[in-house]
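Chains: A, B and C, in written order; residue numbering restarts at 1 for each.
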Amino acid sequence: MKIGSKLYMALVFLLLYSPIVVLIVFSFNSSNSMAVFEGFSLKWYKELFNNDAAISALLNSLILAFSSAIISTILGTVAAVGIHKMRSKYVKSVVTNVTNIPMMNPDIVTGISMMLLFALCGTLIGFGILGFWTLLIAHITFNIPYVILSVMPKLKQMDPRLPEAAMDLGCTPLQAFFKVEFHEILPGIFSGLLMAFTLSLDDFVISYFCAGNTFQTLPIFIYSQTKKRVTPDMNALCAIIFITILVLLLVRNFATDRQLGKNSRRKARN
Amino acid sequence: MKKNNTLAQRLLAAPHILWSVLFIVAPLAIVVFYAFTDSSFGFSFSNFSKLFNDGTVEVFTLSLAFAFCATCICLVVAYPLAYFISRTSRKTQNTLVMLSMLPMWMNFLLRTYALSFLLEDTGFLNNILASVGIDGVSLINTPGAVIFGMVYNFLPYMILPIHSVISKIDKNVIEAAEDLGCNRLRVIFRVIMPLSLPGIVSGITMVFVPSVSTFYISQQLGPTDFVLIGDVIETYFKSSAASSYHLGSAISLVLMVLIFICMAVMNHFSDDESTGGIIV
Amino acid sequence: MSNKLLDLRNISVCFDDAVILKNINLYICDGEFITLLGPSGCGKTTTLRIIAGFVNPDTGDVLFEGKRINNIPSHKREINTIFQKYALFPHLNVYENIAFGLRLKKMPEKEIKNTVEEMLSLVNLKGFGKRNINSLSGGQQQRVAIARALAVRPRVLLLDEPLGALDLKLRKDMQNELKSIQQRLGITFIYVTHDQEEALSMSDTVVVMDNGEIQQIGTPLDIYNEPKNAFVADFIGESNILDGKMLDDYRCFFSGKEFKCLDTGFEKNEPVDVVVRPEDVDVVPVEEGMVCGTVTNLTFKGVHYEIIVDIGNFKWMIQTTDYQPVGAHIGLKIDPDAIHVMKKSEYSGKFGDYSTFSDEIEEMSINDEEQE
């Protein structure tokens, strides 16, 4: 490859990573200066771990991400199978388009629209309902399209004769689904679950509008901490998150690399 | 022809349809309802006439212009990168794709925060600049910083779909073009570019939509009192003093319609129905 | 072989205004090897899927041993299918694929093991039980599919173009094997194919279909020697189909000449289609020929030459072992038993003229999937 393109790639990646790297370096700074590194210290990490609000926000986020991912994966998988089986092209396209609205709409519009719905319900029953349950509903809603998006291609790739073959051999339609179709779409379901989990963990805008004062997620906590000011324990948080993600991605990459190696070896043998 | 679908099979999508109606269609209907009513819930266009008089139109224009700039810069920066990545070996490609994906997995609040940390008046970059004799440059709290923030935040969303489309282009097609007398540059402009259009389109949507509706980036990196349309909406819904669901809904509705029009226009350019290669 | 096992009565199927099957009437006897033969889109696969229970006919009845089974779902029918691309379960190994149906029947594990072993040896795959489906070749997958379907001891086995994905030599071997399996087990086979040779060599009965209608039902010999109309004559083997007229019993007229034939029962001077198979024509010197023409094309086919002869602007195809150069003037001799006379049909005039020689194009279109 030419030196120019290498240089260009290096430059772009430098742009992408320099703020994060600087932030991580300064998370170990012993003072709260943003310009001068005055000495190595873990004091911001200590401060972060002693911050109850941060820990509870993290736990909240994990609980929310976990439950919304599970529920949206179940709902989305069932929905994908249902949509796949629909015979009317018209109904199919209407349902698909409506499903995709949260994916195409700006987050802020999805957020305020759900906020209005919850506010209206709150007014009708007489007290505010914003909190965990409204967040859960919101997260499930914006997760479902992504689950469908990752399950649907597996359904389409599957030989339509497979479930028929199962029924032919004596399965009821339900048995055919669990004994055959389910195994075929499992990778799609799994990646849908993973995607839903990360999206939910990562979401700020929609949560911001749908959360009340009682339930704070990590992104909302970060927002309240970083708005127009610098707080070094956020640097520590940023560093932790970055390293976690890096490790997870490396593990995944390693796993897929090995998988690829295995497959190519198997192919070579045949 | 009747396929033997049982009733149960036909009802599989029902829970999802019910959910969609309750939590996608109904909320949007409420937005429309609020947009067309005044504070006493009587039907009126007053929200929209207000938009044209209180400077919201200017904010809209500004937001669109900023998002447009950011999208263009992203495209110009990301396309060569995606192309260069696709020309490396398979193993390097995996690593480089992972590298461009990694920042995306971090929360955008933290990314923006990291950027503001770097650009701060008393921050790291200014400190370096000062040490080489360039003093008193204001990097943060400028309109330029806002655009830079958008580019920095959303660049990966442009790189990935373009790369995934380019890397799937059949090598034989490129060889065929060379065989027919295209030089390297012509191959890029006459074969690779047109074929990667679906990726470009999905990249543009994935950068433009969050850019135009952002409110955190402008708050964090923009000058004081600098507002984009996202900030206006946020104020109408979240600030206790200036809250007006009706005005906010009207603006949101306009924003939504504008974006759907933009997307319809964009999709017109690529006949590919799928969204290119969205994340992962 | 005489008792009716399956009976299709007045079956019609429409899909989005397109008529797939028009009033199909067909009965199938116990132990029979019957083949549904036709070009793609003729409705043969749909017929099979109706019998299997995957498609409900709009009108008509499906009877199994005299009982109506329209509303019985596929999993409760004693009918099993071998699918076009085998539809083996990729997440299960060979053993578990074959045991799939048996487990659903709650058969004891020991019996399952015996049956699977028996099936594996039936299809010559002994010792393959632990193998992964994806590690098998096409022919081996085919055998697993057969074993899987036969393991549940069906009364009827449906085969939907089972050999379509195999290469020529393997296909011939599997044809013999399928036929011998059928004869050994005495199960009714209903076989769908677009390959006329396959149909003729394997079946007891051939059902020729086109356009959602049955064109002819008969033994392979009947179908070949006594085609009912121009479509059947053209689809089964090669045919020269000429526009002619029946002067009287045993006397027909075509190509501007009168010929002796063996056909009777037509009205005087009734317009008819006349079929002459290319291998039934003798090439003779011009003086001895009943009709004469010029050779316009010659192809060497191995066993014989295929020549196109222009006789009064109608192109005949003749198969001959003698070399005839292009441009040669030759005579043809047609014996009375080489002439087959058919009533006029909607297919008259559409087939049997070799002026546009388009075998390859037909074969290509046949390979497209029939459904969806």
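The rule we apply is simple: a residue touches a chain if its C-beta (ideal position, glycine included) is under 8 Å from a C-beta of that chain, and two chains touch if they have at least 3 such contacts.
Keep in mind that this is a model prediction, so the values were computed, not measured.
Visitor: Between what two chains do the most C-beta pairs come into contact?
Guide: A-B
Visitor: Using only alpha carbons, which chain's centroid is the nearest to the whole structure's centroid?
Guide: Taking the mean of C-alpha atoms per chain, the most central one is A.
Visitor: Hey, which chain ends up farthest from subunit A, C-alpha centres compared?
Guide: For subunit A, the chain whose C-alpha mean is farthest off is C.
Visitor: If you average the CA atoms of subunit A and of subunit C, how far apart do the two points sit, in angstrom?
Guide: 55
Visitor: At what distance in angstrom does the C-alpha mean of subunit B lie from that of subunit A?
Guide: Spacing between the chain centres: roughly 17 Å.
Visitor: Identify all positions of subunit A at which a residue touches two or more other chains, and write them in rising order.
Guide: Residues 173 of subunit A touch two or more partner chains.
Visitor: At least two partner chains per residue is the criterion; list those residues in subunit B.
Guide: 3
Visitor: Counting only residues that touch at least two other chains, what does the list for subunit C look like?
Guide: Within subunit C, residues 54, 73-74 contact more than one other chain.
Visitor: Per the contact definition, I'd like the list of subunit A residues that touch subunit C in the complex.
Guide: Counting only subunit A, the residues touching subunit C are 159, 161-162, 164-173, 175-176, 179-180, 183-184, 266, 270.
Visitor: Touching residues of subunit B toward subunit A in the complex: what are they?
Guide: 3, 5-6, 8-17, 19-20, 23-28, 30-31, 34, 77, 80-81, 84-85, 87-88, 91, 94-96, 98-103, 105-111, 113-118, 120, 122-124, 126-127, 152, 155-156, 205, 209-210, 212-213, 215-216, 219-220, 230, 233-234, 237-238, 245, 248-249, 252, 255-256, 259-260, 263, 278-280
Visitor: Residues of subunit C touching subunit A in their complex?
Guide: 52, 54, 73-76, 79-81, 83-85, 87-91, 100-101, 104-105, 135, 148-149, 152
Visitor: Where on subunit A does subunit B make contact in their complex?
Guide: My answer: residues 1, 5-6, 8-9, 12-13, 15-20, 22-23, 26, 33-36, 75-76, 78-79, 81-83, 85-87, 95, 98-99, 101-102, 104-110, 112-117, 119-120, 137-138, 140-141, 144, 149, 173-174, 191, 195, 198, 202, 204, 208-209, 218-219, 222-223, 226-228, 230, 234-235, 237-238, 241-242, 245-246, 249-250, 253, 256-257.
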